[in-house]
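Alright, structures below, take your time with them.
In the two complexes that follow, chain A is the common piece, with chain B as its partner first and chain C second.
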Partner chain A sequence: MDWNTIFITTVEASIGWQTVAYALAAIGINIQFGYAGLLNFGQAAFLGVAAYGLAVTVSTFHLSFWLGIAIGLVATVILAFLLGIPTLRLRADYLAIVTIAAAEIVRLVFRSVAFKDVFGGSDGRQNFSGDFFAINPYSPGTYGIGPISFDERTTWVLTVGWILIALSCALVYLLMKSPWGRVMKAIREDEDAVRSLGKNVFSYKMQALVLGGVIGCLGGFIFALSQASVQPDLFGTEFTFYAYTIVILGGAARVFSPVVGAAIFWVLLVFIGNTLDEAARAGAFGSWVTVSQVGSVRFMLVGLGLMLLLIFRPQGIFGDKREIALDAR
Partner chain B sequence: MHADTTVTSKKAAAVAAFAGLDSEPGVAKPDPILVIEKVVRRFGGLTAVDVDHVEVQRGSITALIGPNGAGKTTFFNQLTGFDTADEGSWSFNGKQLKGVPAHRVARSGMVRTFQLTKALSKLTVMENMRLGAQNQRGENFFRALIPGSWRGQEDEITERAEELLERFKLAAKRDDFAGSLSGGQRKLLEMARALMVGPELVMLDEPMAGVNPALTQSLLGHVKDLREQGMTVLFVEHDMDMVRDISDWVIVMAQGTVIAEGPPDTIMSDNRVIDAYLGAHHDAPMSVEEAEEQLQEAEAELEAEIEEKA
Partner chain C sequence: MCRNGGATHPAMTQLEGAPLRRAVIAFTAFLGGLVLLLASPAWAEGEALKGTLQNQGQPVNGVKISVVAEDGNPVAAVTTGADGTWEVPVPKAGKFKVTLDQTTLPSGVALKFKDKGTLDVQVYEGNQRNVLFALVPAGQQGSGNTSGESASSFWDRVAQLTFEGFNLGLIIALAAMGLSLVFGTTGLTNFAHGELLTLGAMAAYLFNAVMGVPLILAAVIAVVIGGGLGYLQDRFFWGQLRKRGSSLVAMMIISIGLALFLRYVFLFLFGGESRPFADYNAQPGVQVGPISAAPKNFIAMAIELAVLVIVGLALLKTRTGKAARAVADNPALAASSGINVERVIRIIWTVGGAIAALAGIMLGLAQNINYQMGFQILLLVFAGVTLGGLGTAFGALVGSLVVGLFIQLSTLVVPTELKTVGALLVLILVMLFRPQGILGRRERIG
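Moving on, here comes the complex of A and B:
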């Protein structure tokens, strides 16, 4: 067993581009679900719309990179309004149903044959990240400490990504300490009570949906740029569910929980995956688990770990046990 | 609000306003704060509310009573914008409120509480109170990001909230989660929070439901206190002792309509009210012969039973 490689890949995963993209998506979900109580099961669509907004603008229409970013952001806001206006007046479950369906519609439109000229079908779009890497301040080479290192492109993506995470966390921190955040948390507890105190609940829920979507869409940009390509199937519903797992793992309604949750989630996934892979190659499981089956077993073990976490620490890593206890009353 | 008025004068003024009024449904009041005209709410074929005309006198405590299913809470929901009325109109301080969403109704000075208390469990008692304050600068998304723009106002709000908590004897619970309070304390908190809005008309939906008797007196005191501070109170209640004790005027609803109005000491003996609560064909007191007959029947039954066993 090559423990050295396992160790390096695991440490790299804790700050890698996947952690960044998922953390941003999870910060968005934390605002919507953790603070405002909105069950948005379509976060993948927000990332997808942003990533495609950028990719299509640059690679299909040959417009500038920054215009692509702007179009991605605007598309995300429009999506939030489209989903929010009909559903936010209704009960919470309807938003969950509508968003999960909308996310699939968005994904299927992206991969549809009819729009292949624009979105590129199931192959997606490439060749849109040139301008981004053109302003890369890192000269070619590897950057890092000892064996844990990234090439200059990845380092640039990670730098931008972690700055975006830091800014998003600062934004969430400021907002949630303010009276604005108080209204959000109150809406999560009981909308009617908040309405009876003269607050426009619909407007606040819309603000949460838009803000969560926009922060999530930054994750979409990072996702697209780190791969230098977009494919529709990257934005399936499992993406949203991983992001929810991350929020719950860290503890809902805590500023840093999505970031730490994302790091732990990817560390677990990579560590278990690589360890199993190495073990299977070394024949540790005999004929029980072959190398090709390791991928599935990895998710079973991660699922088991998350179940144990929810049983023994239901409030997540940063959560407050007293709050969970209140629900039991 | 007049600081110089004493406890008795407010009560006396409210009672005087009602002096000589007819006990007819829809009777006009000298200075109504809330005027309701032909409000109808149907659920499919069921007409839950069909109120022809009702006025609520300013500065009084008005009780809304009626048997279960009379439509009291539905009527409350219509007035406060939590449900839409099918027909009719109502005005608060002369302002039409039909079709106005609930949060605007609250902003205009008509604040309600709920039958099932809605304390916001995972917020502390203090946060619950602060939430009630209106026109908060920090509740705007962009200004929320600059703490300096709302800190001063927040301090004022906190001070006001502390005074209210002191009055409602919740000051010691200031930093506890609202979810950890007892049922009665939650009722107190909900009432105190409603006062943070600065209402003119306070609508209480069953303020005494589920409150332990030891707290009842203190809650009653607080409701009376609202009138002393110049507010108008309209409340739904089942507890007749409470209605008699604190209300200046009683409106009786049955099957969606207002069937009678009047002062609390005479309304209970009104035939329409007795009929509504007990049914029009309720038992009249038994005559001597009927009593005899029942006694004999019962004895015969008993004897038959004894024989069977033997």
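Moving on, here comes the complex of A and C:
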């Protein structure tokens, strides 16, 4: 077994683009689920709408990159309103069902043949990241320590990504210290009490949904730019469930836990995936587990991990058991 | 959980809700218009070749179709999607050779005319040419030269789609009954319910296609296994979680973890491809009035209907059924009237698991079996349950039938691949106008 490669890919995964994209998605979910108690199971749609907003603007309509970013952000806000207005007044599980349905709608429309001219069908869209890499300050070469290094494009994506994560964390920290954040947590604990104090609960929930969606959509941009392409099936429901696992692993309602959670999650996933892959190639399991089956083992472990976390340690690594929004209606 | 907590004062809801609601309606209408605008050019402009592969009214997927221009340059090769559709955009008008790779046809399906594997078609300016390959169950091929095209009238299509809609609706209803009853009695929104369907289909596949048991017997065994697993799931998993006092939101996310886990166990064991049962998969169709379908579809619908009627009657007439409805209505009150709530819940899980397994087998008969089938239909089941009213057994039945019919009939106006989108949009609109569903009651939703 090639432990060297496994070690390098694992360390790289701790700060790689997947960690960045999922951390941003998880910070968004943490605002919605951790602080406000909203069960948004459609985070993948927010990322998808943002990524496609950018990709379609640039590659289909040949408009500028920055306009694409703006359209992605506006599309995310519109999606949040469309999902929030019918459901935020209802019980938590209605929001869960509607958001998961909306995420599937978005994915099916993106991959449909009818809209192939706009969204590119199941092949998605490419050729939209030129302007982003044109302002890359890094000259060609690799950057890193020893064998752990990234090329100049990845380094640029990661720099922007980690700056966005830092800014998002700072924003969440300041917001949650403010009166606004305290109202948000109060809504999570007892909606009626907050309403009886004269606060417009619906409006606060909507703000949380929009803010969480917008921070998540930054992850969508990173996702699209790091791959230089978007494909509809990248934004399936599994994406959202991964992000939930990350939030719960780190501990809901903590500022840094989504980031740490994302890093740990991807380190574990890459390490286990690569080790199993190498082992299967080396024939360690005999005919019992083939190389093509290893991929599904990773997903099984995520599902199992999510279950075990919620049963035995719902507060995750850093969370506080008294502060978990699991009793939301 | 407090069922009635969070109920907004109605007048207040009205006040803050009315303008917003109107805005959303206007916006949705605007989006709908946009969708049509965006969609129409795709149909009007750009030459393309397209088609839908069907055998006995059922889509045939994974078949390779390649297009070659008149001058011999290959244009593209595609495989048909899950709904049997394929499309190849062509650079300009002209003559093209369309070839169906007969080796990629699923077993039991063959071209009606062996020598018609390659067709010459003319595409005109701005034309989206439909190309038809006539498929029949293997062993029934002809070699004649009759045209495969048939001009069915609009109303024939409506009748055919209504029939197919009922078929789908009944399958959704079978799944929805269990989901809705579990929700009503325990409050759990079970995202792993779809995997009970997959499990039923796969168990039947194991006995039927691998071990050679006749399908009907295999189905009976699979239903028993489904019921047994429903019982065990409640006895050793959900029941324990309830006893520990896990909250409903925690259990909902646990059910997602369980669904993810099971789905990939299925992928691990079964592989990523779709496979049919060994029996009844290439039945010749019969014509009943305007409807043509394989006999198995009629029998499947009869079984589905019979099971639904039996479950419905059991809910209305038997002591356990009445107890189940009482628990679904108000668990605390039911317990204080001397109903053994835990026992009722266990029975509901057992019956729910069994009929979910049956739904999975029926779905496997109607489509094919793959590891995602349960998850794919789960959202439609949610749509049906929500439309009918969460927690009401008969609401789930009505809602599911409406969803099934809507999905099939919507293909009259929207492309087949987007038919699910319509049903899911309806789910969101229901939330807007009647969140309690058709048969639900207002106080459940707050």
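Keep in mind that, in the parts below, the second predicted complex is superposed on the first by the 307 of 329 C-alpha atoms of A that agree within 3 Å, B and C clash if a C-alpha of one lies under 4 Å from a C-alpha of the other, contacts with A are read in each partner's own complex, and residues count from 1 in each chain.
Here, contacts are C-beta pairs under 8 Å (C-beta built on N, C-alpha and C of every residue); 3 or more make two chains touch, one makes a residue touch a chain.
Every value quoted in this text rests on a predicted model; they were computed, and no experiment measured them.
Visitor: Tell me the contact category for A:Ala92 with respect to chain B and chain C: first, second, both or neither.
Guide: second
Visitor: Touching A:Gly181 in the superposition: chain B (first), chain C (second), both, neither?
Guide: It touches chain B, and chain C stays clear.
Visitor: Using the touch definition from the top, say if A:Ala101 reaches chain B (first), chain C (second), both or neither.
Guide: second
Visitor: Between chain B (first) and chain C (second), which does A:His62 come into contact with in this model arrangement: first, second, both, or neither?
Guide: Neither partner.
Visitor: Mind working out whether A:Leu197 is in touch with chain B, chain C, both or neither, as first, second, both or neither?
Guide: Touch partner of A:Leu197: chain B, not chain C.
Visitor: With both complexes overlaid on chain A, does A:Met300 touch chain B (first), chain C (second), both or neither?
Guide: second
Visitor: Compare chain B and chain C by how many residues of chain A each one touches, and report the one with more.
Guide: It is C that touches the greater number of chain A residues.
Visitor: Hey, what residues of chain A end up touching chain B and chain C alike?
Guide: 192, 195, 200, 326-327, 329
Visitor: If you look only at chain C, which of its residues touch chain A in the complex?
Guide: It is residues 1-2, 5-6, 8, 13, 16-17, 20-21, 23-24, 27-28, 38-39, 41-43, 46, 50, 85, 87, 89, 189, 241, 244, 246-250, 252-254, 256-265, 267-268, 375, 379, 382-383, 386, 390, 415, 417-418, 420-421, 424-425, 427-429, 431-432, 435, 445-446 of chain C that touch chain A.
Visitor: Once bound in the complex, which stretches of chain A touch chain C?
Guide: Going by the criterion above, the answer is residues 39, 41, 78, 81-83, 85-87, 89-94, 96-98, 100-102, 104-105, 108-109, 112-118, 191-192, 195, 200, 202, 237-238, 241, 244-245, 248, 293, 296-297, 299-300, 302-307, 310-311, 314, 325-329.
Visitor: What part of chain B is in contact with chain A in the complex they form?
Guide: Within the complex, chain B contacts chain A at residues 80, 82, 101-104, 106-107, 111-114, 118-123, 127-128, 130-132, 134, 136-141, 144-145, 147, 150, 154, 177, 179-180, 190, 193-194, 196-197.
Visitor: Okay, in this complex, where on chain A does chain B touch?
Guide: 171, 174-175, 177-183, 185-186, 188-190, 192-201, 207, 211, 322-323, 326-327, 329
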